[in-house]
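Lettered A, B, C, D and E in written order, each chain numbered from 1.
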Amino acid sequence: MGETTPSAAAKQQGLVPGTVIYTGDKTSSDLYIEVFDYNKDSFEEKELNDIEEAFRYAESEPVTWVNINGINHTEAIEKIGKHYDLHPLILEDIANTQQRPKIDEYENYLFVVLKMLYFDKDEKLAIEHISFVVGKGYVISFQEADGDVFDAIRNRIRTGKGRVRTMGADYLLYALMDAVVDNYFNLIETMGEKIEELEDDLFEEKPNDNITYDIQSQKREILKIRRAVFPLREVVNRIEKMEHPLIHEKTQFYLRDLYDHIIQVSESIDIYREMIWGLMDMYMTTISNKMNEVMKVLTIIASIFIPLTFLAGIYGMNFENIPELKFKYGYYILWGVMIITFFSLLYYFKRKKWL
Amino acid sequence: MGETTPSAAAKQQGLVPGTVIYTGDKTSSDLYIEVFDYNKDSFEEKELNDIEEAFRYAESEPVTWVNINGINHTEAIEKIGKHYDLHPLILEDIANTQQRPKIDEYENYLFVVLKMLYFDKDEKLAIEHISFVVGKGYVISFQEADGDVFDAIRNRIRTGKGRVRTMGADYLLYALMDAVVDNYFNLIETMGEKIEELEDDLFEEKPNDNITYDIQSQKREILKIRRAVFPLREVVNRIEKMEHPLIHEKTQFYLRDLYDHIIQVSESIDIYREMIWGLMDMYMTTISNKMNEVMKVLTIIASIFIPLTFLAGIYGMNFENIPELKFKYGYYILWGVMIITFFSLLYYFKRKKWL
Amino acid sequence: MGETTPSAAAKQQGLVPGTVIYTGDKTSSDLYIEVFDYNKDSFEEKELNDIEEAFRYAESEPVTWVNINGINHTEAIEKIGKHYDLHPLILEDIANTQQRPKIDEYENYLFVVLKMLYFDKDEKLAIEHISFVVGKGYVISFQEADGDVFDAIRNRIRTGKGRVRTMGADYLLYALMDAVVDNYFNLIETMGEKIEELEDDLFEEKPNDNITYDIQSQKREILKIRRAVFPLREVVNRIEKMEHPLIHEKTQFYLRDLYDHIIQVSESIDIYREMIWGLMDMYMTTISNKMNEVMKVLTIIASIFIPLTFLAGIYGMNFENIPELKFKYGYYILWGVMIITFFSLLYYFKRKKWL
Amino acid sequence: MGETTPSAAAKQQGLVPGTVIYTGDKTSSDLYIEVFDYNKDSFEEKELNDIEEAFRYAESEPVTWVNINGINHTEAIEKIGKHYDLHPLILEDIANTQQRPKIDEYENYLFVVLKMLYFDKDEKLAIEHISFVVGKGYVISFQEADGDVFDAIRNRIRTGKGRVRTMGADYLLYALMDAVVDNYFNLIETMGEKIEELEDDLFEEKPNDNITYDIQSQKREILKIRRAVFPLREVVNRIEKMEHPLIHEKTQFYLRDLYDHIIQVSESIDIYREMIWGLMDMYMTTISNKMNEVMKVLTIIASIFIPLTFLAGIYGMNFENIPELKFKYGYYILWGVMIITFFSLLYYFKRKKWL
Amino acid sequence: MGETTPSAAAKQQGLVPGTVIYTGDKTSSDLYIEVFDYNKDSFEEKELNDIEEAFRYAESEPVTWVNINGINHTEAIEKIGKHYDLHPLILEDIANTQQRPKIDEYENYLFVVLKMLYFDKDEKLAIEHISFVVGKGYVISFQEADGDVFDAIRNRIRTGKGRVRTMGADYLLYALMDAVVDNYFNLIETMGEKIEELEDDLFEEKPNDNITYDIQSQKREILKIRRAVFPLREVVNRIEKMEHPLIHEKTQFYLRDLYDHIIQVSESIDIYREMIWGLMDMYMTTISNKMNEVMKVLTIIASIFIPLTFLAGIYGMNFENIPELKFKYGYYILWGVMIITFFSLLYYFKRKKWL
């Protein structure tokens, strides 16, 4: 997400609105479809090859969850669109990874977009586009690729733990969104650890060479996270307040709780944001402190030895008539003077707290 | 736009409100008029010499798009104004390139102003003033000069691809605005690349000489873009919410989508804005780091050789009685002392991590 | 305006509210009264000696504009107040140059305060206090001194150009306010030029000595302009929205246009504000860059000659037994060593890009 | 106010809400009570020893103003509370100097808290807590100590100048608040002068030693002033809008005017705030500029004399075979070389504009 | 609170919503239950071993306060939940220390979350999670561990001082919240002292080594405090405005007062926040000032002795023909020249105010 990647912008430029085109970079994902069909008493789980099989399930029982990985397979999205009579702009948004989190309310269904965030194997922030279509008795979830944060929910459906089996599609939507938001906490935590590491590096004054770059990257990441998370507040708030036959009153308590969680994440993000902005100043003072130290060493050594060298220079002169040169202990007296000068200057710097 | 150019302010100063005067700098553009007249089944495309010919088209068929390049030809604008009975302030705004994006709602027509943004051949941000008058069955678009982002729409009208031929003038307005906004994504992308280039320059510490100036220019450009894009949010929002017979319910879904896109652009702009503001700090630390390096070299060399020079100075003195001078290996012993001092200091600096 | 000048605060302190006292510094302005009395077909222009003559005009014909320069003549203000039955607080505000832009709505009249801005002959920002009383068929304008931006309007009244002669007092109010706001564009332009000059000075690194002071002054000026212009947005917005028998529907289009212009000025002000704030950072980096250059010169020269001087010092020692001194080509060999050292160091600094 | 002083927090901790306890530091103030009892035609002024005497006055005539200095005498506050049946929380707030400006509306009376600001004899910002209880026909004002800004009002009551004698208790409340706000202008003025002094010190580069501290103090003071003044906007706005039988329509014009004044003060405060924040940057550049100057002196002297000393060192060497030493004019030639080097370097630094 | 600690996030990840799990770090707290059961005339205080005993009290008399320390004992929370029929999400929030301050309104009870703040024995900010369930005639308070700020209230219940015994459960809720907020004032005070200490350290220029770290820590702490305190404004405001049978009109005055206090704390927090942000700048100038001083010492000593050493070098040369060397008083004359040079340079530096 973050920036519109060149390819993404290029892909969309000049297209008919409503064209279903995948704008992300996981273009080689396989299409994977799984169905959970459940009610209070029973449940069925199945992996499908063809999206059309899923439609049969969606009709039959109280709640059906169809999860689709691989939104690069736009033809599957289009089939679903045709079956459920979804608005073409929704189909576009399912495949358009640039779409920000939002909720669209239609008469027969709701459409929710949000972002799954995680640090990938290179410790880089990855943003995966997820969208949900919620209708009477079904939830269809669309993901970019395999791997998600919904395993706990899958297990709860299988084992019948918690409320999920006893409630409707709206609760399932809540549960899925809650899983995504819960995962934000992990992300924020990792973020916090990274910042503390940077702070410690700065404090121990052993900054790795590219600390400016690291700080700037952190800024960029926190801004991207903000952008992925903050619109979600409005989304959840609107779902909670919405008077739509698909959202039951009982679920609203849960949505309010979810809203609370997002606010919490948002606040943490803003705290980290301020901390990161402070890091640059902290780094600047670190550099200046180091410079101070360097300058002190130079000043102390130069200030002590330059005058002494001058004295030695004096008695290295070749004037025919320099009486001191003939003194028997002249050399020793000069050493005495030099040593006294040396320690006086040392004492002076000590008093100035430069040593 | 950005700043009111001297000429622009001078031109308008003291004029009767409603005077149609072109305030931009493309004063030598030729007048170019093209007409697209279409319905579901047929379409006609024509280049016109005289604006009055266009009026005939606008009356006949469901949708007519009259595109006029060269708003410096104010007499043509005035003719249109007379024909469609447009308010004199609208005519002024069509020609006034200083006008910010806005929507004016009249009983029989809507008036929309927005800005087309692109980087010109000198890589400078160029802002072109575009306005639309939308009435029953017609859209008139006014541009400063040839060259625009509407080719995809022209093609869609010609080929009948997408919805444009089956819908009304309000959809055409949407399509034209959408083309402008889609192009913002390209702009933002280029902006992002420029910023990353600057960041890389700073990181590789080979900043080109005028990097401060570059950063300040980027700031200026992002502020100008903000100013051209941000009012558009309000414009599109108001068109979507507006209950005007010219805007059909079906088009509102598309306008909401357009609104979403503008929010996305706005968010990117604000992210880049924060990144640019951070660049100056990053540059400052880069400079300070370099200074540190310079100072370290000076300090190391001076701190090593100044004391050694002092030692050499001592034995360059001409005291008659300096016993060491007469030692057989005095010279070699001194070399020994010097070499030990040299390596001790080297070790000291190594331990301080200055080497 | 900007700061309350000592005298201004002192003058007002402890006075009965509603006391008419001039708080500006143009205390020696002469009283100058001019009247424009016009309708669609005829107009009369007269310079008056006595304010009471003006009342006669105001009654007779459709629109009368009484312009009064010299609000230090508070007795004239009081006479007008008595004649038109104005609230004492209005009279106070006419003379109180500290009063910020505002609109007060009374049953029979409107009272508008705004600020005329210009750069005086010393290139300093000057702020002149202007207020308007608008009643049925008359506008009374109050200015601090001679010289204003209304000449274009005077001419339009004389020649009957534009709409002014065909419309009412509300349109005249609009026209006068529009003239003031149009002039803001000039001001903003000059401001922009000043900032660009400062930027160029900084970039060419020949900053005049007091650039910090200049930047701080610019900040102060932009803040004062902001303060004079920003409240006007609310003022014009309220006049436009107001349902007052004095404001006709036809004039509202013009007021909306005026509002647009003020927003435009406001946006420019905020852009310049950000640019000025950036200048200080820019200056800081300029200083640091210069320091870097200075340090490099010192470091290069010291780092090259301090080791060489040490070498020379070695062979200036007086040890009896220094074999090298007796070598036939010792002196030449040493020169060789020194020259090699010299160029090695030069090469080292070259590679570090310090040369 | 500013910070809760330790004693203040300690005093209040764990007390029953509604306990009347003085939290300020003027604990040795004497109790001083004065009464102004007036109507259109007559007035009486009296100094009282006992608060109970005041109650008699408050009942008799149209308007009675009871002014009480010394809110450390909490027993007097409690007596008033009992007599007028005031809510215990009001009594607490009268004595609690930590209380921020506010308005509390009760059925029979209004309670207003605000802050009197002045610079004390040490030029430090002093904040005095003032509160008003306004009922039918009476105003009771509570101050911490003697000395206030109400003398002009006392005189107006005595002489019958202005409207105060002809209007009710609500106008008296307005007049007293207006006097406090008028005094803010003086304060703001002094603040402005201080800032300009600091700016001039910085500009003339003779910053007194503790300028950082001074700037930080100014920041602290402006923040405290903000905090004392800004809530007053809301207070006055609410009184003006309030539909309470104690506030007459006629007085609302005056309150609107007062509101205007507070806005003006607030704007000045924010301008000064930005100026102060800018001072730190200004100081930073001043320091850096000075450093630059110091470094230039060092660089020029070192860069000129280090190479020359090297040359002298060369010919101080004791090689047996240094042909130049035997040249007749060797010494003079060397002087020539040295002088040329000296002026070349001087010219170089001149060209670099370091001299 | 502040950051979600790793364990906390890990604990909650993937759990069924409504699972009661303690996420804090005081996992070894003992369960401690105390009951205050009182009315106007009598009161009973008891320490309980089993939570179920408490239910008996809650039913009997007008007001019962059950205080529970040790929310790590989640089984006790669950029992209460079952007895009072609390929503599972409330039980989760009682134990979830990450929960931000909030108010949840249910038909039969209110649920309030807030944060108790204090500096622990290591002078670190500690945040303790407190929640209240308020029903008809009872308040249940949940704390993480022993030690709180409610002793004053316990005493007031015991002695019957103040209003607490004469009023209902809503007043008790107010009193408990008020105690928490009162304690914020102490916290803020300590914060203020810490900041002033840092300021003084910076001013006396004896910054302890890790002052950057200290400042950054203060930032972090003030951000955490903000986060714990600011949502409380909304909470108290909502309770005050709420029309719930549990909140009586009489208590609303007290809640408004409490709201006022929170605003006061919030304002102080924001003032300190700005002061802390200013500290980094202050530190930066301190460092730069020190650097300036160091550089001055170096410059003065080097600038004086380098030229003198050059002079000595000249007369240390071995040219055969250096006439000055043979002058009888050559040596003394040179000394004279050197001393004059020395004092001239000293005078120069004096005039530049570097000495």
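Here, a residue touches a chain if its C-beta (ideal position, glycine included) is under 8 Å from a C-beta of that chain, and two chains touch if they have at least 3 such contacts.
A quick map from chain label to UniProt name: A, B, C, D, E = Magnesium transport protein CorA.
Computed from a prediction, not measured in an experiment: that's the story for all the values here.
Q: Chains shared as neighbours by chain D and chain E?
A: none
Q: Give me the C-alpha superposition rotation for chain B onto chain D, in degrees, nearest 5.
A: Nearest-5 rotation angle for the superposition: 145 degrees.
Q: Take the average of all CA coordinates in chain B, do the same for chain E, and state the distance between these two points in whole angstrom.
A: Between these chains, centre-to-centre, one finds 42 Å.
Q: Between chain A and chain B, tell me the centre distance in angstrom, where each centre is the average of that chain's C-alpha atoms.
A: Inter-chain centre distance comes to 26 Å.
Q: Note the residues in chain C that touch 2 or more other chains, in rising order.
A: 281, 284, 288, 291, 295, 298, 302, 306, 309, 313, 316-318, 322
Q: So with touch defined the way it is at the top, what topology do the chains form here? Options are line, ring, star, complete, other.
A: Drawn as a graph, the chains make one closed cycle, so a ring.
Q: List, in order, the chains that make up the ring, beginning at chain B and going on to chain C.
A: B, C, D, E, A
Q: Please output the residues of chain B touching chain A within their complex, sorted ascending.
A: Of all residues in chain B, those touching chain A are 151-152, 156, 161-164, 175, 178-179, 182-183, 185-186, 188-189, 192, 199, 202-203, 253-254, 256-257, 260, 263-264, 267-268, 271, 274-275, 278, 281-282, 284-286, 288-289, 291-292, 295-296, 298-299, 302-303, 306-307, 309-310, 313-314, 316-322, 353-354.
Q: Mind pulling up the chain A residues that touch chain B in the complex?
A: Touch list, chain A to chain B: 2-6, 9, 12-18, 87, 89, 92-93, 98-100, 102, 104, 206, 210, 212-213, 216, 219-220, 223-224, 227, 280-281, 283-284, 287-288, 290-291, 294-295, 297-298, 301-302, 305-306, 308-309, 312-313, 315-318, 322, 324-331, 334.
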